Amino acid sequence: MNDTLKNVGLFTLVGVLILLTGFLQSWNSAMLILNMGLISAIMALGVNLQWGFAGLFNIGVMGFVALGGLAAVLIGMPVTPGAWSAGGFGVMGALLLGATTITAAVVVMKRMQKGHLRTLVVIVVLVGGFFVFRALLDPNVAAIEAINPAGTGYLGGLNPGSEDTYKDYGIIVLLAWPLGGALAAGAAWLIGKTALGLRSDYLAIATLGIAEIIIAVLKNEDWLSRGVKNVIGIPRPVPFEIDLQNDPGFVETASGLGIDPMMASTLYVKLLYAGLFLVVLVVLLWMAQKALASPWGRMLRAIRDNEVAAEAMGKDVKKRHLQVFILGSAICGIAGAMMTTLDGQLVPSAYQPLRFTFLVWVMVIVGGSGNNFGAVLGGFLIWLLWVQVEPMGRLFMDLITSGMSDGYWLKTHLLESAAHMRLLTMGLVLLLVLRFSPRGLIPEK
Amino acid sequence: MSSDPYGDRGNKDASIANPRGTGSAHPVKRGGSAHPAPGGPFLIGEGMSGGYGNGPDILHDCTIAVEKGEIAVIVGPNGAGKSTAMKAVFGMLDLREGHVRLDGEDITALSPQDRVGKGMGFVPQTANIFTSMTVEENLEMGAFIRKDDFSDTMEQIFDLFPILRDKRRQPAGELSGGQRQQVAVGRALMTQPKLLMLDEPTAGVSPIVMDELFDRIIEVARTGIPILMVEQNARQALEIADKGYVLVQGANAFSGTGKELLADEEVRKSFLGG
Amino acid sequence: MDFLNAFVALSNYVLIPGIAYGSQLALGALGVTLVYGILRFSNFAHGDTMAFGAMVTVLVTWWLQSLGVSLGPLPTALLALPIGIIGCILMLLATDRAVYHFYREKKAKPVILVIVSMGVMFIMNGIVRLIIGPDDQRFLDGERFLISARDFKEMTGLAEGLAIKSTQVITLITAIIVVALLFWFLNRTRAGKSMRAYSDNEDLALLSGVNPERVVMLTWVIVATLATVAGVLYGLDKSFKPFTYFQLLLPIFAAAIVGGLGSPLGAITGGFVIAFSEVTITYAWKKVLGYMMPDSLAPDGLVQLLSTDYKFAVSFAILLIVLLFKPTGLFKGQSV
């Protein structure tokens, strides 16, 4: 079978499965799968850039996605009245001081002669800096968090509206997507600079650690992200369902098409999201394809396939690795901002490594490492599976327990456990693909 | 390589993958058995063709043999497949064609472990000691397949290489180049092999140490153990050799006694620098 | 100023919990380091292996408890532990046969095995949740305290109480026994030496007649034992919840890397370094400092360097510092 034909077939299969969801379950579920599929495909594209093109092992995807989510809050939400004057500037000052402390320590490390004195000075700078930092930070944080803790208690974002009108400026959230990418890129630069700069490369453990730290910050720094109190009501770049239902023109059109206006409004909103996401995906995919075919991309693959030879030819391997790591992470950040926009809320405790790091890896491996289209396909397919395994698991459990009498402990237990079939299935899919089609569904050319 | 689904994509991440000490051999699988094949030399690798894994053939109809009480030397230019021929005899790579016979038995289907059991001892060219283990532990590992008491053998090896007795409790990785080679040879002798195979035992050691190593090797040969050896220092090796093989591109180019080869005009011109 | 009370408070909140937690991390890190040294990859499924072994133990404990079996003051779980270990060994050996073996035959690079271990992680995680559910499970019985805070105060007349939980003592004693056995095995037995030899130099071990499959099998048996013991001790000391075990992966990896991957001695040191840094940095020092300083200087705040939510950040920061100054870890590991 011709390769192109096979690939088109695979994508059609995913499309048909989504349509089937629409016919058999509900069109809202189908649209939700499509939207999250688009976002997953973007995340997979980012990881594929790192692993597929450059062999970089990033297991901190969750952290970059969460940073994207933070961007949606920082852009979309209105500024909390009085928060900046109460402590916002103080916090910024403290953070600046923290950064200065670290810079000072680095400068000392570089400038001073190696020896006990240097170690001592570095420790004094760091410890002293930390206490001054905390002394400056803590009261300001307390001041911010004291402002209406049940409703805000954080700095808020850059939305020009007030607490009542900020949702009218929903379009501004689109700015959060590039900002999310930028935040993720910044974090990636920091990690890459340290981890890739070490004598041997420790990127994997570094990304694993930093992702946990980012989540800890989001959970804990209430002044920034309201922590576990979550930020809800993030404005949208698309209309609200309720507004559509109150719009006579929309109701009329919907009725004209023979669709219930309520249903029509939810589908319409999701369609708009899908359109926006699709544009982003197509642009990023196009860019990734261009990059792959460019001299830069060829050089990356040359480094990947034979680092020694590439280095001998004068290629700066570390620099290329840093670049591709930043780019891939930025893409994950963009996807994260898009996801938080779609959800309309930031829930730090929802960021789980299995879901946001390892699942994306499954997408890339199953789709085909090193092939952008493979990554996109993997994103859609694995997300679809992730969502559908639960009902399928329930069906499966119903089937195997059908012979057991009601109330029998095993039956109750199995039915209750159906939800956990999800992780099992993901692992199984990953292992089966690795075993029988190790290069993925759409292999690298 | 992108074409290899089990490759590492150039990943050098030490926090997840351990690059050290990984094996490169594609040994003959376990479970094969030997069958009697009487006659012929004590050890012979006959008409061997093959390479590593799915890679291209490196050996082409190559034949190497050694008789009891002899020293046989394989020489040849870089990349001629000298080490590969040695490994093939030892079962460290799958032969596509050819046979290996030892002491009247066909051992082609035997795994390297089983060949050790049959009395073959092998000293690889590089990575030939356990650097993190003590000298004594290295020797113990040499005797791994022996179930009997091997303290006598260890004493004999300490007599052969007295410096090792002093350093027995030191990690072998801390020794000098020449001492490491002694550990390597000692390790292989621990099984009391019927045959010793040495892959460039003098690589990277100083000339004085090299002479001493050659002396020791002759000493081992005098105890009746036949020796098959790959050598970079062709002239010196051929001088002590009973039999010599010149390999070129994985095939036999010349063979004869050491003296014959040293006297051969063509061999001298091409391989011994005149 | 009251140094005695300060020391008691320090022991109560930092030293003793740190030692217990450090032992648990050390046992976990030993498993990771052995797989890294011999199978040459970082096993992402290790946290879930711990959870699996602990789960079997929990189930057997419940069964024993329902039969009325008890060890008196000791937790019944200790009686169930051997069965948990056997369960975990069987699981790992089956996994190796079904999954890892194939990639060894293919001579797959270690990174591929890392990805494979992600799949195994998903599956084990799923199995544990399927069988026992995602919730907290209690299986501790027997005497809760060796010395309770009140008894200690009565005994010594000090203002500060020192509570020593029986699980903390059990953790330490078990860890010492297990580690001693492990080191005896690795350094004194023929099989242990063959494992070290294989880790050091695979090809040469082959030449010496070591059977690689046997070494790998032995490794899984030891790893399963270590993981189950670590998992059960952690579960007894804190509580059994599948997700916590998955989260332990970061401090365990950090411990193994800080100590020097591939070095068993390093894994133990790393475990304690990470544990003590976490506990010290997230502990509120108000009480201890209050005893140490004159009243006028006593601190107002909690004097907590970082909130407990940042404990992962601490493991990671320590990891980074060690790597910057000593890239091979505190003990020379295999990662150069």
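Here the chain labels run A, B and C in written order, and each chain numbers its own residues starting at 1.
As a working rule, a residue touches a chain if its C-beta (ideal position, glycine included) is under 8 Å from a C-beta of that chain, and two chains touch if they have at least 3 such contacts.
In this text, all values refer to a predicted model and were calculated from it rather than measured experimentally.
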| What pattern do the touching chains form: line, ring, star, complete or other? | complete
| task | Determine which of the two chain pairs, A-B or A-C, is joined by the larger number of C-beta pairs in contact. | result | A-C
| field | Euclidean distance of C-alpha centroids - chain B vs chain C, Å | value | 43
| Where chain A and chain B are represented by their mean Cα positions, the distance between them in whole Å | 54
| remark: chain A and chain C have mean C-alpha positions lying a whole-number Å distance apart equal to 31
| message | Can you pull out the residues of chain A that are in contact with at least two other chains? | response | 55, 57, 200, 202, 204-206, 438
| Got the chain C residues that touch at least 2 other chains? | 42, 111-112, 114, 253, 257, 335-336
| Overlap residues in chain B, where contacts from two or more other chains coincide | 6, 8-9, 11, 13-16
| task | In the complex, go through chain C and note every residue touching chain A. | result | 42, 99, 102, 111-112, 114-116, 118-127, 129-131, 133-134, 246, 249-250, 253-254, 257, 301, 305, 307, 309-310, 312-313, 315-316, 319-320, 323-324, 327, 335-336
| Considering the complex alone, what residue numbers of chain B touch chain C? | 6-9, 11, 13-27, 30, 53, 90, 92, 112-113, 116-117, 122, 124, 127-133, 137, 140-142, 144-145, 187, 191
| query | In their shared complex, at which residues does chain B touch chain A? | reply | 1-2, 5-6, 8-16
| remark: Residue set of chain A touching chain B in the complex reads 51-52, 54-57, 200-206, 301, 303-307, 369-370, 438-439, 444
| message | Which residues of chain A touch chain C once you look at their complex with the stated criterion? | response | 55, 57, 130, 134, 138, 194, 198-200, 202, 204-206, 208-210, 212-213, 216, 219-220, 353-354, 358, 361-362, 365, 416-417, 420-428, 430-431, 434-435, 438
